[in-house]
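So that we are looking at the same thing, I have put the structure below in structure tokens.
Chain IDs A, B, C, D, E and F follow the sequence of writing; residue 1 opens each chain.
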Amino acid sequence: MVYLTRLEHFNAAHKLYNNNWSKEQNEAVFGVCANENWHGHNYDLYVTIKGHPNPDTGFLFDVKELSKLIKQRVIDHLDHKNLNLDVPFLNGQMCSTENLAIAIWKELAPNLPQTVELHCIKLYETPRIYVEYFGG
Amino acid sequence: MVYLTRLEHFNAAHKLYNNNWSKEQNEAVFGVCANENWHGHNYDLYVTIKGHPNPDTGFLFDVKELSKLIKQRVIDHLDHKNLNLDVPFLNGQMCSTENLAIAIWKELAPNLPQTVELHCIKLYETPRIYVEYFGG
Amino acid sequence: MVYLTRLEHFNAAHKLYNNNWSKEQNEAVFGVCANENWHGHNYDLYVTIKGHPNPDTGFLFDVKELSKLIKQRVIDHLDHKNLNLDVPFLNGQMCSTENLAIAIWKELAPNLPQTVELHCIKLYETPRIYVEYFGG
Amino acid sequence: MVYLTRLEHFNAAHKLYNNNWSKEQNEAVFGVCANENWHGHNYDLYVTIKGHPNPDTGFLFDVKELSKLIKQRVIDHLDHKNLNLDVPFLNGQMCSTENLAIAIWKELAPNLPQTVELHCIKLYETPRIYVEYFGG
Amino acid sequence: MVYLTRLEHFNAAHKLYNNNWSKEQNEAVFGVCANENWHGHNYDLYVTIKGHPNPDTGFLFDVKELSKLIKQRVIDHLDHKNLNLDVPFLNGQMCSTENLAIAIWKELAPNLPQTVELHCIKLYETPRIYVEYFGG
Amino acid sequence: MVYLTRLEHFNAAHKLYNNNWSKEQNEAVFGVCANENWHGHNYDLYVTIKGHPNPDTGFLFDVKELSKLIKQRVIDHLDHKNLNLDVPFLNGQMCSTENLAIAIWKELAPNLPQTVELHCIKLYETPRIYVEYFGG
């Protein structure tokens, strides 16, 4: 079993805001992250897949194909977007890094070729904060 | 003459949008950066000052004081903000990295102690794009 | 189960020196790291916790609270300190990165909120050397 | 159980080329990576071992010894080499990052001291692509 | 005057080899870099231009256009190539980082729009070695 | 004119402490940096030289020779040392990054080959603080 990881990037706006709460409660819990005019991040997304290398190519999966798949299923929907407003697959969810990582897993896991399996979504919100999700 | 640099960070939302133009023209010129729902970045800000070290301390300027000054004059006004909406000193300007670097220079240059001079504002919008401004 | 990681920093002096050995034996085993006048490092500390996101916030645990906890329990005791002389919770231990990671685990594990668990302490001594400890 | 990781580097040329295939088929599958005149990379190699720290030293294994071992067994055979032509232990294999990581594992695992075990070979081909191999 | 920098990457094979010298002399001067079977690098290329921001856009020059220009004039000719064999604009030159930076300058300087000027080519051969060229 | 830069590292202990002042005054000015038991850093040292490439080699100066020279003149005297106690060329000086950069310049400038000139010493004390010195 070998693990292959590809790094992709996206830049997006978001806010942390629970619509069931008052503005005051949101500010008390989320602080500056609740700014109603939004803030944003350069997200770094590491996608790790696992499986056995193909003896003819030495590849687990062509990393250029993996990049294309991540782009189509994830990056095109998140890059230069507002995560709270523009992304159908985040609808109705709090836009935390935790939830974003899980949502990205759900977009990618069923769309990988059958010879490999999704192993990990690792998502950096800033260089000092990241979330990992291994499914399940 | 010695140069001292301090790195600070801020996360902000913005869009590239010229209000004198139609939506179509904005999208033609700025592409995804014109998304009316905003996008955002983790900005890295390098502030470089120059001068002569004080013989008693070996310091050009206490870097903790420099950090405090940058925080008060710049970071507190930009971090977790919408650059187009929330920042008086960016009012009426296009929110490009170029203009942002110049505006930061104007906030800092007159507020440094007399023993040092502002040398450079270097601002990363993403790890692959940065702007430098040396005044003048 | 989601994993959340926070990076913190501290700068400290130490030496690798076994007081039960002669100076010669220490130098033979630890080389330049045994310099009796000390040397030092910028340590990078990654703290990873695991658990389930809270549906109201989307948070595993507020990362600002996590940062505060790491600061109180660990960073305030290690930053700008001499690891051999100034740190009660390292008393009587060799100041290797391995032992330091284990000691940091012991300071943090019992002090996390009950909704999360400590998963990993990852400690960089230099950009080319790091230790991971998962407890147990 | 503690995990200790050491980063080493090597620079090498290679091409992705299956000699059982025509030039056209190689170009169709591997694209620019099949350039018959070669291309190359700065590889980053992270070697992780695991075990219990020695109470006298606090060390899992002296990281300078680990570095020397990686140098002798791996780096000296790969650095400034052509991976397809110059490396006996890669003979007859496709020069993918996947296969390279597995081959490095096989060179290192049997040559570590008995007090530690090889845990992971993590190999970056570029800053955006890496492979991990845990043996077995 | 504002300075705008864009980072691009390419991976290439090369060797340091003076064809007017014997193999022995090449090995004496260039060491492992003279390996006749080539070695290679992930090059990081920083292109800095200077000029005045356009008041309508806030841009010195659209960074996506700059990226496209660098790609067409430079990256497409160097990426996944053998610098000694495949690159017309390096013909007959030693493939040092110094010469490569100068050659890239010559490809880019005359092809920029008239509103900006090329300021610097900064080229990393490895994370520990880089060359800067400012023309002239 | 071409500029060539080499990165080297050293790890050292120091404190910021003016022996002409009381302990209280030192703590008031230098804060935690005045800890009498020392603290330390992983320093990153960028040495930039300038000159014209040799037409036979393409080299400004062999970067391996440059590295050897920096090691002999600087790194061997600073690495795993106490900057206040162990370094003759820092004797009697405040151990600020500013003074350290100037002292390194003085060790290197007169010892370079006549075909090149020292251009800049850039010294990182932490990833967020660095000093540059251009002589004069």
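To be clear about the criterion, a contact is a pair of C-beta atoms (placed from the backbone, for glycine too) under 8 Å apart; a residue touches a chain by one contact, two chains touch by 3 or more.
Since we're looking at a predicted model, the values are computed, not measured.
Enquirer: By the touch rule set out at the top, what is the minimum number of steps from chain C to chain F?
Expert: Steps on the shortest route: 1.
Enquirer: So which chains count as neighbours of both chain E and chain F?
Expert: Touching chain E as well as chain F, we find B.
Enquirer: Among the listed pairs C-F, D-E or E-F, choose the one whose interface is a repeat of A-D, with over half of the contact pairs the same by residue number.
Expert: E-F
Enquirer: Under the over-half criterion for shared residue numbers, do copies chain B and chain F use the same patch or different patches to meet?
Expert: Under half shared, hence different.
Enquirer: Per the definition at the top, count C-beta pairs in contact and tell me whether B-E or D-E has more.
Expert: Between the two chain pairs, D-E has more contacting C-beta pairs.
Enquirer: Using the average of all C-alpha atoms in each chain as its centre, how far is it in Å between chain A and chain C?
Expert: Taking the average C-alpha coordinate of chain A and of chain C, the gap between them is 29 Å.
Enquirer: Find every residue in chain E that makes contact with two or more other chains and list them.
Expert: 127
Enquirer: Throw together a list of every chain pair that touches.
Expert: So, checking each combination of chains, I get A-B, A-C, A-D, B-E, B-F, C-D, C-F, D-E, E-F as the touching pairs.
Enquirer: Mind listing the chain E positions that touch chain D in their complex?
Expert: 9, 11-14, 32-33, 35, 37-42, 79-82, 85-86, 126-127
Enquirer: Which bits of chain C are touching chain A when the two form their complex?
Expert: Residues of chain C touching chain A: 1-8, 48, 53, 55-60, 62-64.
Enquirer: For the complex, give me every residue of chain B touching chain E.
Expert: Contacts found on chain B: 16, 18, 20, 29-31, 93-99, 101-102, 127-134, 136.
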